[in-house]
């Protein structure tokens, strides 16, 4: 299979940010995303899941620039205030145009 | 019945014991857990049932009677968040965000405390001793307190930031949170609100007749509701139990506040209720509402709009201190107050 | 009771109001949601209860009475998907896949519409006014219509592809979907089918006596069933509400079809029912079954076998148009038809 | 009633049929499944209800009566895991880990078998024919057998490893599992244990009076409990059904063991029960407890501490062989034994 | 730790394809897989999750050729008809033989 | 966005190991983790999920040495006895210090 390299951006955040994060992902121009219910612990030691919901993971396959755009928004508006982590890696896809 | 006997009979109800059981499970580090979907299902059921019954009652009660009680309820929704904020900020030396976040919880109301208070009154004074429109007041009290506290918090933070900026000469980026209008929509369409109001409208339309066929399923007086409430309180106990360890982070002032605030607000609620012409039973329930702290509607709203507020403070205070206090001590106390005020 | 009064009393039942409430929740963009597992649990409970009661009734009703009604039911299962397909394809100019996909839904049956129709008849004509074997007919009507429509769709697509290939001289890869045999197995062992039939067999074995001990838990006439149905309809309302926005994509023809098809199929059902010797109550229920569109069994089968069909069309038509139409207007209408046919 | 008639009436109960229905669903490869959260909710409800009722009963029964039955129950908890281990290891030639793993299941008890036995006795001998403290015995029997079998397994494995090491001169890394103390905590605070004991304590405190208001929700004699049990057994049937294919891996010895062990342990339980002065009904229930194999508490404990044991063996034996055997044949059999011993 | 490089193939697809996709994964020779319930949106704008189920994610660690085989089947039979995306990346494992 | 490279360690294991694995992850010095409920099949053909629970996936972003430490413990105490797989890949993060 002939493949193309794209960026997989993964965001893990507290669940109540779901709608706002989806909005930012769309805003930045991503064509799709996949969401998973997860739980977790990090440096913020948030033990509030019962009443505030657990975490969600949002995965976005997109080109590097779009991922960067999303990261910039996260950096500015979300990282300082909420429990959010984000990371990127490279993935191989078959139908590149589907994601651009 | 003496106040002590009341405490005793109150403590031995299956609901209070289920709550205690939940706490014990956490203390012995049991893996015991209520599935998330069961918890959500129970809360949907309880809130909808509460609204439904309220609507059915409303459908045949004269509207004029509702006006004065509604006015004092809204007054409580304005006073309690402000009194909470002021004491937390200036006596307790909490940050603006923390004080406002906690105040949002105490300005709103806990539906389970409402149910427990009503049960308590009915058990002591019998059928008909609580006004039929109390669930309507519950709905009125839910939101304003949260909004007022959030507004105080957001405006206060903005101001303190402007002060800092003008001092340093630098302009900080204003990491925009959700707008207050967004929060209004959020709160008005939140699950708990929609179920209460939706149930109320349906109950109002179907009236006594339509209600009859589903009454055993939904009615507060029936065992189905009581059984569901028992399981729900077990879960509340589990959550409260996992917060107990946080009491040491909460600090002595917050613990004192978690007991003093409900007593003050409860007394105020009983007093305003009697001013509005409510009978002793309804005054008790109104006092319990004012005394209670929300732990369903308030936490997500506060987390969203005031992420600077530390959840450990508001969740621990509302659920691990004030809720059990009201359940065990507060409700009988407001009941005595209401009886005293009514001249008994 | 006039037709209008019937509509009115129908609209004010807790179930219909719960459905409306669900729609409203979506219209005001509330976050309100029923947990997935609660939805599944309710549907397991309702279908099993339906089958169980049907089996109990069957266990003491003479089999000969069942034969003619069963024959006309199967006739309905053959006619309705074909009539749906033809009108969608040739009047509505839908693609083969879309026409067949929608037809599969209208050729099958909605269990909740069945329950609502039965409740309506019992409320108007009293105990015993619906034949005990109606759940058996429900089971018979569920599958054939889906299979026939899928066969039409799959064969039609294959033919149109062969035509294209022979025109272009190229042979397209035949991206093999699941075999029709696979789909038979899928449908016969689907949760809804298995619960209906399993419940029926168990009910048949235990009979009245064994049923007695669990009757309050499962029986349609009891409040437990009604309460569960109320919550289920709330969820159906939520789903329908989130489809309302799709009505504009559906187009005028599909909306008209979603109203005209149930009326035509309902009238046919009532007529064939009376030919088979059913009384007015049972004719109403048979008519409602024929008029209804499946939204539990059909969607996954169609998606699997005819992925070329656009889900927006079939889901919107079945759930956002035909289901509420039947609930509010259709059932009373078929009831009038049945009464008229019975000479009342 | 002859033994055969008893079997027959036993088989035709809704609960047994629901179990059979679950098995059939798997045999026909249906996608039918009970949502995980519903399963957990049902088991929470059933165990808590069981404990609650047990506690209520205890609250007004003289403690001295409990002593002898408690002693023989603990004796059963010591004897049955050892007898199981010895026959599996030396007659069945199972590995140490497998023999101990299976023995842990047969040394403990199945709560649903307990309920079924009690229902059976009450149906045959009427109200009051089972001692009120039986749920207490259930709690006593749950853990010791698991611990004893695990200790046998862990010590046996350690010894066989030391033997191998000293033979080869090499010292293998001791891939440390959880300590036995950890397992004690795990078992004592496991959901099933906590619900039984917690329910019992609450029941003991509230007594008859407090129980009255939630009795229809929780009581074993009420239809709510029976309905929930029916759905739970449907799920058990689904799980057992998906294990049937493993019977061929289990081998003839394990199948024979899965039938012979309950008969032997059941007879022992009946005998010891009558020695302890229990009446025929209670002896039947004690025998059924001894005969039953745990499939809720034991599997995770064994998997955790003895991962070398093959789950296929213990799960298949406990759930696909012994559980249905007891449900269909065992309970009536122990009942005959108990009657015979009581001189009927 | 001494590690070996293998391919992680991730498939996100509508839930009712679960059995068929597992069949294809096994057919191609993969030794195992992990499944997660997810939800998502993509170019197909399928808003049908309530009645048709959400999405699933299937992750398969295997050698590149096996992943290619699965991708080829997806490309032929699934991509054109269903809501499915797939992508690959490289991962390090300790016990290579477990996956081959 | 300026990014740093870290290791993403993914562990898939039977659910009842959850507490013990979290303990090992913390013990090795990781600053956080994310947990997902998953199901799956592997070489052990464990068909026990109904009574023993399904699988969990634990994801840990950390530096390579910490991941190695966790892998070593898995290799010694878990791989031989339980149904567990683990794999690593590289990811790009913005705030490196958050994970160290």
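Letters A, B, C, D, E and F mark the chains as written, and numbering starts fresh at 1 in each.
In this section, a contact is a pair of C-beta atoms (placed from the backbone, for glycine too) under 8 Å apart; a residue touches a chain by one contact, two chains touch by 3 or more.
The structure displayed is predicted, hence computed values, not measured ones.
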**Q.** Chains touching both subunit B and subunit C, listed by label
**A.** D
Q. Going by the contact rule set out at the top, which chains touch both subunit C and subunit F?
A. D, E
(Q) With centres defined as the mean C-alpha position, give me the subunit B-subunit F separation in Å. (A) 40
Q. Can you give the whole-Å distance between the Cα centres of subunit E and subunit F?
A. 20
Q: Among the residues of subunit F, pick out those that touch two or more other chains and give their numbers.
A: 36-37, 89
Q | Two or more partner chains touched - positions in subunit C | A | 35-37, 224
Q: Any two chains that touch count here, so list every such pair.
A: A-B, A-E, A-F, B-C, B-D, C-D, C-E, D-F, E-F
**Q.** Residue ranges of subunit D in contact with subunit B within the complex
**A.** 35-37, 40-41, 44-45, 185-186, 188-191, 194-195, 198, 201-202, 205-206, 210-211, 213-218, 224
Q) In the complex of these two chains, what residues of subunit F are touching subunit E? A) 10, 12, 36-43, 55, 57, 68, 71-72, 75, 79, 85-89
**Q.** Touch list for subunit A against partner subunit B, complex
**A.** 14, 16-17, 20, 46-48, 50-53, 76-77, 80-82
Q | Interfacial residue positions of subunit D with respect to subunit F in the complex | A | 173, 175-178, 238-239, 242, 246, 295-296, 299-300, 303-304, 307-308, 311-312, 315, 319
Q) In the complex formed with subunit C, which residues of subunit D make contact? A) 12-14, 17-18, 21, 24-25, 28-38, 223-224, 226-227, 230-231, 234
